Amino acid sequence: MKKLINDVGSVVTDTLRGVAAAHPSLRVDIENKIIFRRDAPRPGKVGLVSGGGSGHEPLHGGYVGYGMLDAACPGEIFTSPVPDQIVRATTGVNGGAGVLHVVKNYTGDVLNFEMAAELSDDEGVEVARVLVDDDVAVRDSLYTAGRRGTGAAVFVEKIAGALAEAGAPLTEVVRVGREVNDRSRSFGVALSACTTPAAGRPTFELGEREIELGIGIHGEPGRTRAAHREARELVRIAMDAIDDDLPLSGETLVMVNGMGGTPLMELYIVFAEVAAYLKEKGATAARRLVGNHVTSLDMLGFSVTTCALTDELTRLWDAPVETPALRWGR
Amino acid sequence: MKKLINDVGSVVTDTLRGVAAAHPSLRVDIENKIIFRRDAPRPGKVGLVSGGGSGHEPLHGGYVGYGMLDAACPGEIFTSPVPDQIVRATTGVNGGAGVLHVVKNYTGDVLNFEMAAELSDDEGVEVARVLVDDDVAVRDSLYTAGRRGTGAAVFVEKIAGALAEAGAPLTEVVRVGREVNDRSRSFGVALSACTTPAAGRPTFELGEREIELGIGIHGEPGRTRAAHREARELVRIAMDAIDDDLPLSGETLVMVNGMGGTPLMELYIVFAEVAAYLKEKGATAARRLVGNHVTSLDMLGFSVTTCALTDELTRLWDAPVETPALRWGR
Amino acid sequence: MDTRFFVIWMEEITAAVRAGRDHLTRLDAAIGDADHGTNLDRGFAAVAEALAARPPDTPGGVLVLAGSTLIRKVGGASGPLYGTAFRDMGKALGDAADVSAAELASALEAGLAGVRRLGGAEEGDKTMVDALAPAARAMARTVDAGGDPEEAFAAAAAAAEEGAKATVPLVARKGRASYLGARSAGHEDPGAASTALIVGALRAVATRRSPRSESRP
Amino acid sequence: MDTRFFVIWMEEITAAVRAGRDHLTRLDAAIGDADHGTNLDRGFAAVAEALAARPPDTPGGVLVLAGSTLIRKVGGASGPLYGTAFRDMGKALGDAADVSAAELASALEAGLAGVRRLGGAEEGDKTMVDALAPAARAMARTVDAGGDPEEAFAAAAAAAEEGAKATVPLVARKGRASYLGARSAGHEDPGAASTALIVGALRAVATRRSPRSESRP
């Protein structure tokens, strides 16, 4: 394992030191591991807090700023943040209008955010939650942990963040966040596993021509192992899975996301095929993101996330945003 | 070799199809491999053209847009563009005020841009050139090809682009471009080689604990092979090399750049050390970029580029820019 | 069992988790996200620190402090789950200064109930419940049958180990491993394995009897 | 040598470059950027196409078209350099319909001069010049000594090969390999190696005499 780190034990803290040094628009509480908007809390504005394991950068810290999150709580690598941390972030961004937790659907994230919500409530902060569960590779069922939350987190944070920035009340922010999640689907493909600093070796081994289909964002293997093939066919597999679950049509917000180790060139090649697929289905890639947004450390691969737009969602997507990883209109 | 491509022969074209589909603000001439600003040529504005081998994405196509380049010419992977292509880009962005070629100092780039400049001149377009040669790992001498151009290309394109956008004449745009280059220095470190699609295997082999110091951006090995060590020490090696060549002081524009396969988390860890090093020297990271900007396909590693700012350069850096890879103020 | 016994139990767990860390992480790499060993190692190191800094004076106090510390330090799924388990066990013991095997057995059941309430897992879902439930049953059964604490702990430890091993063929229905569907079969559940370590540590304390904490680094 | 001879030379080069492509790319991987083989392969494939599409009617025309095509299609350092070499050779031959060995020898010198003017490399800088210069000298010497074309081409080819091999110990002072400093020693220069293929193809055409183009795919 060769990584640009100082020490396996200080990876998250050292990352936060870098984030603090790189982005004066953020206030980073390194000790408690919270990335705040510098101007938080904003009186009267609904606060948005998200968080999850580290190793998915720029998620979530890269989405803290004007028009998106008010704070992010990074846990250890692939480990949900702890309740204290979430409570501190929640009270720290509470401007009196309540706080929205954007939570990706993993047992750990759900339990820790739940505990934090109860504790925040004890401190008099109204907390609501949007649970993100967009990954169609996981069959949902009453008897399982349900679908994973992946790329749609970016969409929910951007769109709910825009509505909060516009001064909407918590109930409205929750409503739009859930709507985004309901209209979003994702599917991921890995060409390699990732290596956590603590484990020091890949979480699984793939042969020279093997890939994993339907992976999550924590280095867990996918639903099936398959033979590597050309980008066009990989995209077809991913898009068919999405389209089977929620037929693609109309104006679509599309993200082609790199898993951390994939060069941008390859993501553009994937995007070309995604756009062609949408066209075939009579849908259009009306809004687009291509790049590393929800990563898995150094994993090679990509995911596609789609969201069926409405006029309201498009308007909120287009609203100004100013964060380390998304920036437009300001 | 596992890559997200359709065919080794169509990598550049497929990438351009993706760029075209992803960025309606660009006009992509796929057949001739040119990425234009949609509104080019702008009458009375100095045109900026850059180019070089593909495999460095987002360089250069990702920097085409308001306040930066008017066109980019991607060659084959790691291969300079050809004169015809450059001529077509040059005449295509000529608004009557002349065209600046931003050329990284490689024999191939220099020769092809030189030929293109002569041919453009034949067609009545005034062409000037800024040669970027910021890499301190290469000892400059009358008898060699001189220093390589790497990260400073982004600085030159941004700052000269801002001045051109403001309506300055070609001589001024050239002057500021050269000034940026003169004040910029880079040093790169690789933890792995990259794999070109055509070669299908890494350009060099590194042991489990070996790294290359002083690498360029084409998968060429560096000046020396060394033992891997912690980020803090790697940064010290890179920064010492820069500081030896041009002592660091005052307000500094700093880029910590990923080589393509490096996760953002690690780049932040590197940035934390770079900022600490600058502080030690009494300099400040007054403006900052952290991310994949000038890559080498899937290479693991980083480079640092510094530029000693002046008030003028800071003002031009801060000026609005709207391109796929850099965006602020608009 | 007095307060000291419970402190030593925690120390024993801390040592066992430290020794088993990489093994647990490897189990988690196969069907999860390769952090279970580091998660628990971080958590129990913090428990040891907390106990040293603020030594509780009842068995229940030890367990509640351990549980709260796990919740505050571990994160992930196992943090709230184990944290709740220890807290609920501690709460079940109340203020008692000395605890009988029967009391400990019903505390263990309270801990199990907490895990089930929070995580919603049934036995057979391939989680820590698959080790904790048989351990609680075995302990209660042995105590009911008049066994001494040492026998009760040995039975519980054996049942936890067996329960953990029995997760191998199961298809996971809770936690990350459930994303793998049928591919989760063939691997031991990391949380069940760590439960076996935790219950095994109870047996170790009782068997050794002689407190070994002073000589541990 | 007539127009046909030069067309066959180009075909011979195209085939040699195709066969040697991966070898050239490997040489370039060691001290450059791993594209020399694909660059020339792309270039000479385009030359073959251009010659088929617009067959020139003089030897000079063949070489000028080859050179311009290389400039248009190759990119990199070798595109302009080889392109200029062939163009300058072609221009030196003027409109002649038939070319003597002596005329070809001085055309080769003109090509060399073009490369040196454009790239500024001296012999010993570890570039294509280290193969092209001795080849041009050997051809001129053999012709001056009254050798027939076959002997002259054989001498040139041998000199180019020797020159290419002789680049192995050199430290590069031009092109990408110069970035490696002392580490460039111990590897053959890819451009010198491709020059040996190009000059070797001249010998092959002359030796075989029988045109083989028809039977080539």
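Letters A, B, C and D mark the chains in the order given here, with residues in each chain numbered from 1 onward.
Methods note: a residue touches a chain if its C-beta (ideal position, glycine included) is under 8 Å from a C-beta of that chain, and two chains touch if they have at least 3 such contacts.
Predicted model, so just to flag it, every value in this text is computed and none were measured.
Asker: Assuming chain A simply isn't there, give the groups of remaining chains that still touch in a chain of contacts.
Answerer: Without chain A in the graph, we get B, D | C.
Asker: If every chain is reduced to the average of its C-alpha atoms, which one ends up farthest from chain B?
Answerer: Looking at centroid distances, C is the chain farthest away.
Asker: Taking each chain's centre as the mean of its CA atoms, how far is chain B from chain D in angstrom?
Answerer: 32
Asker: Measuring from the mean C-alpha position of chain C to the mean C-alpha position of chain D, what distance in angstrom results?
Answerer: 75
Asker: Please tell me the distance, in whole Å, between the geometric centres of chain B and chain C computed from their C-alpha atoms.
Answerer: Chain B and chain C have C-alpha centres separated by 54 Å.
Asker: Send over the residues of chain C in touch with two or more other chains.
Answerer: none
Asker: If a residue has to touch 2 or more other chains to count, which residues of chain A qualify?
Answerer: Not one residue in chain A touches at least two other chains.
Asker: Draw the chains as points, connect those that touch, then say whether the picture is a line, ring, star, complete or other.
Answerer: Drawn as a graph, the chains make an open path, so a line.
Asker: Please list, in label order, each pair of chains that touches.
Answerer: A-B, A-C, B-D
Asker: Looking at the complex, which residues from chain A come into contact with chain C?
Answerer: 53, 75-84, 106-108, 111-112, 114-115, 137-139, 143-145, 148, 196, 198-199, 203-204, 216, 218-221, 223
Asker: In their complex, what parts of chain B are in touch with chain A?
Answerer: 2-7, 11, 14-23, 54-55, 57-58, 62, 191-192, 208-209, 211, 228, 230-232, 234, 260-273, 275-276, 285, 288, 290, 292, 295, 297-298, 300-302, 327-330
Asker: Considering the complex alone, what residue numbers of chain D touch chain B?
Answerer: 25-26, 29-35, 38-39, 42, 71-81, 118-119, 125, 173-176, 178-181, 183
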